[in-house]
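Following this message is one structure expressed as structure tokens.
Per-chain numbering from 1; labels A, B and C assigned in written order.
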Amino acid sequence: MDDKKTAIKIVDLHKSFDSQKVLDGINLEIPHGEITVIIGKSGGGKSVLMKHLIGLLKPDRGEIWIDGQDITKLKEKELNEVRKKFGMLFQEAALFDSMNVLDNVAFPLREHTKLSEKEIVQLTEEKLRSVGLAGFGYKMPSELSGGMRKRVGLARALIMDPEIVLFDEPTSALDPIISLTILDLIKETQERFKKTYVVISHDILGMFRIAHRVAMLYNGKIIEYGTPRDVKKSEKEEVKEFLKATGIPGF
Amino acid sequence: MNKGRLSPELKVGIVVLIGFIILFYMSVRIGKYGALGEKGYELKVYLENANGIDSKSPVLIAGVEVGRVISVRLENFKALVRIIVKEGVQVPADSTVAIKTQGVLGDKFLEIIPGKDKKMLSSGEIIKTVKTSPDFDEIFTQVSTAAKKFGDTIGEFQGLIGDKEKANIKNSIENIQAITGEFKEIIKENKQGINSVIANADDALKGLKKIVGDVEAGKGSLGMLIKDEKLYTDVKETMGALKNISKDIEEGKGSLGKLVKDDSLYNEARDTVKNLKDITDGIIKGEGTLGKLAKDESLYVETERAMKKLQKGAEGLTESTPITILGTIFSFIF
Amino acid sequence: MINLFGLERIFNPINGILRELGGMGLMFLNSILLAFRKPLKFNYIFKQMEFIGVKSLGVVVITGTFTGMVLALQSYYGFRKFGAEGLVGTTVALSMTRELGPVLTSLMVTGRAGSAMAAELGTMRVTEQIDALIVMALNPIKYLVTPRVIASFFMLPVLTIISDFVGIVGGWLVGVKLLGINEGAFINKMVKYVDLEDIYNGLVKAACFGIILSVVACYKGFHTTGGAEGVGRSTTESVVISSVSILVADYILTSLMF
């Protein structure tokens, strides 16, 4: 377990909104080049944790180490340099409504690289093809289905070849079949590029399908962390309860 | 980029261009000596009283705007007024400056009355002669006093008119003629005493002329009403004489102040008014020579119309208040 | 988030207003500062200029024209009593250039473009598009607010001068063509009493209103919470706050200028 390089190291992370404690001392080491899934109840602070990883939220206390830097202490400008190593797929894909699919996916390239327009279009179309959306470049996001939007979001998250890709509920609001294709897509791209993927989800069943490691978030703490096999065998009451709630025999 | 459609840049460009064209057009129309074309030279003038003169007050020569006031400030208890005069307009060194009033709102402006000097003023020089004129309020007071006295006189005579007076209508008209003759003489004598009040009364008197003109226009119907040829001629001559008076006054040969202050003049005016009143009363009551007119329905209508015209003429005179009062008095008398 | 909890409850209303005011001020400063940081996105600014300026043109022209027309009609009935019909042109021109041009234009743009800005940014907020920008290491203020503020700042005066002009033309149509006021008097008195400053000050006002309406709309949109309903609330609030602020600012600017 410790032989792997650590991509993200979270130390004693605390965060409260008003009187409500959301994160209560998170400690987690996310290894490089693997898919780590953080599961937990809806509204249990998973999204809050993820927003800390990319600097959208500042913690009340604690540290987040990425590439030897504590990003919670960084200024906006330095933080942006760290963010360039990230890609993120949002829950609702968060595509820009005012742009077509091609412009959406090409957006990071246009803003952060000096590539020519021809190269940008070429790269973008290649990425769209890899998520199975070749030829959809000139559609507007509003013309796409939820699953297609997620795929465009994935293409956009991957376009800069980021070291770390974050996924916020990649299968929420999708039917089971589409969910599977998205999950397969995630797994496939990870296997191809060997980047660090961090997925948060409450969809246990789906996550065990792709995860190299699973962390369970409960009451603002990580109560179990290990390979899917380890987690399944966990003796902790909360974990058992959670797994049981999925209602699938054998879990 | 988009085939068949204008790019946002182009559309914005068109709208901004329209905006600039309008702004430019409006600036040029309104600009005059504004921020864009401040071309001209500066003159100074010291005024005893710059009441109503403000920066941007217009400067006129012979009624044509040639410049603007740029600043008014106090210097040695006099108002130093700096004006800017349009390039190309020359002002003789011995020119005079006067404050005048214009418009419904009583706006003040500076009038430069050009002198005859061959030497022209250059930038920064001072126009030395200033024609002081009494305050607007002063004139107003004088005129309203006059108007009040007119009114009083008419009041006095109301009810004093007996049969004897009515019988003397013809005589009265001849008297008017005689009086107007005297008027003229008195005015000629007073030529030396021309007061500058007149300068301000100028505009008012233009209106007076208009009333008299209207009376004259009304004369046709009046004249026709009066069958008596002699009487008609008399009236006509009276009108002519009245016109002469007003013309004389207009040309500055008399003074309203004088008219009010000079006792004999005042008395004569009083007589005139009395006689005029006699005539009108006779007409109203349908007696005397003019009595006939009241009995003829169509003629009455015509008279009424003439009266209305007169009234309208008086009301139309909004250029300044005093003249409105005078106009009302006149229309009241006739 | 902020540990002023007890205090906050006591001063809640004032605190809320002050915090919003401060937030808007900061957002404005930020957007201006970011405008000077390269690269300045001209295509974004042009897009907003088109949205704010070009697409509001129709409504501004119609309001301007009818305002001028009704001004002429109303002032005509007033001035006729003094026989001063010639001043109708002056009244129309002064009212349009000094007051109604900038204020009505800004209110119309607030209703049309300001509300749309708040709704658009609000939607972007609740659908995490703003977060997406941040994650891409891009400053959302620079990308979303700066172009809108700059575009409003430049387009409002342009719209205002057009509104002034069509208003005066409307006044001229009613005054001269319909009511038969002497055209010479109408134009000359107008030219005589209207100064360049009246026009320029009106345009300065319009530029200020442009900043107000765009900053308020962006701030409200940016701080939207609560899904689609929240977007609706932000939109309404932004229109109300912008309109009131414009009128208050109008008084302040007028007392400073004239």
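In the analysis below, a residue touches a chain if its C-beta (ideal position, glycine included) is under 8 Å from a C-beta of that chain, and two chains touch if they have at least 3 such contacts.
This one's a predicted model, so the numbers in the text were calculated from it and none came from an experiment.
For the pair chain A and chain C, there is no chain touching both partners.
Nearest to the common centre of all protein CA atoms is the CA centroid of chain C.
Between chain A and chain C, the centres computed from C-alpha atoms are 42 Å apart.
Spacing of chain A relative to chain B, judged by their CA centroids, is 89 angstrom.
Averaging Cα coordinates per chain places chain B and chain C 48 Å apart. Per the touch definition, chain B reaches chain C in the complex via residues 8-9, 11-12, 14-16, 18-19, 22-23, 26-27, 29-31, 34-36, 56, 58, 104, 315-316, 318. Only residues 1, 5, 120, 123-124, 127-129, 131-132, 134-139 of chain C touch chain A when the two sit together in their complex.
Contact residues on chain C toward chain B in their complex (touch as defined above): 43, 46-47, 49-50, 53-54, 57, 82-84, 87, 154-155, 157-159, 161-162, 164-165, 191-192, 194-196, 199, 203.
Contacts from chain A toward chain C in the complex involve residues 17-19, 51, 54-56, 76, 80-81, 83-84, 86-88, 90-92, 94-98, 107-108, 111-112, 166.
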